[in-house]
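Each chain gets a letter, A, B, C and D, in the order it is written, and its residues are counted from 1.
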């Protein structure tokens, strides 16, 4: 499990006075970016090598609202990785309120020049890094 | 079925050159707002009456990317409504590319003063409007 | 003068209950995009030709807040265009409240392959289109 | 001078491959929030006391683009504070590229229950805190 910690910004609230639900999707991306930094293969480097990992699907289960200035820990786990598909589970823990506030998951594939690739063959170094990194994290 | 049509803005794209996946969540909200306008009970009026309909959960299945300036039709259907819970299905049809690009769903409850309510009892007028409106739309 | 009309979305509000001030910057971009469509040389076509017109500077004078669901007319005028620099003035008229709510301006240059160009020489067709279009609009 | 450090997120980029210019406005707000935390009178507490400090005007001078994952230091100085009006200057220093990338300023007033107030009379504690805090920062 990897934890990415984040404070809720004012500009992320809506007129209900809570963080707008669309922002959670951005936080999930930020957590993935931080994880890649952590395993030593940055998203920026992937980008420069022409590999993209677009979101194929996601789901979010909003349990409790987050307010401006609350500190939220996103606990990120790799649920599945096989070179072709990557799946994450997310638990949002609001440490200002001491409660799990949201659960989510996302599924990603890998593209090179717009076409699906298996990282095992196409980018063994990144693949190894993923296997190692996610092992360490799980 | 109710259709909300929307052009993709430049500020909605990301460095992959496509609409960032978090924006779809905003488009879904815009479509719901437009549906409420259509059935004659605006979200603004709900708001003024102290009724909120927060998102309880959502899922999105991204099939094909949307590019800047593409025109997308969001086809919105009420899957379930019983006074307590409201569920929508969404089909995103990219009319610039003549393809279904995304499918999604969302689930909502109703709150008054922060507590769950059954609209059937709490707001019969809005309930009737929903029953009528969603009948018409289904 | 060219007018772009826009309704304020729920996801654009903040916990003060009004449209967050950062969104005005996005609306200004949307208005410019609509103007380009109107003069017959879309931003998308510019993009495909490798010409970008980044924002060099902007200023915004917020006079009156905009609320969810308010309809706002952005009145856009070209203040200056000489092939190298393009300047716009914006007046935001809140037609739901019958008041001018904001004034703004923005300044743009033109880049090809990341380097400043004079459209007069580099893209005479676009230049002519601009001269015509902005004449028509002023 | 107070410094707020921030990494550019993927979701903040646009199809030009750089951080979209509207996000700078959000970063400026984040820097002000961090400054308030630092001087010991959080925006959240102001909020709870019913005091808002809306943006009256702002201007931004974009010099050099910021790319995904760049680390940017926002250097924030109070230019003016007199109980009624608060003005900030911002320098964005891209430490990944070792260059000043943007300069900006913003002007704010103070509202209680929607009406302008002079903090000197209306909230002497907050006023003192501001005088102290901004002295310390200038």
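Throughout what follows, contacts are C-beta pairs under 8 Å (C-beta built on N, C-alpha and C of every residue); 3 or more make two chains touch, one makes a residue touch a chain.
Everything numeric in this text was worked out from a predicted model, so none of it was measured.
The angle of the rotation carrying subunit A onto subunit B, fitted on C-alpha atoms and rounded to the nearest 5, is 180°. Chain centre most remote from that of subunit B: D (centre = mean of CA atoms). Taking each chain's centre as the average of its CA atoms, subunit A and subunit B sit 25 Å apart. Each chain gets one centre point, the mean of its Cα atoms, and the points for subunit B and subunit C are 28 Å apart.
Taking each chain's centre as the mean of its C-alpha atoms, subunit B lies 34 Å from subunit D. Counting partner chains per residue, subunit D has residues 10-11, 15-16, 22, 26, 29, 47, 68 touching two or more of them.
Taken together, the subunit A residues at the contact with subunit C in this complex read 10-11, 13-18, 20, 22, 68.
Listed in rising order, the residues of subunit B touching subunit C in the complex are 9-11, 26, 29-30, 33, 42-44, 47, 68-69. Note for the complex: subunit A touches subunit B at residues 15-16, 21-23, 25-26, 29, 47, 52, 54-62, 65.
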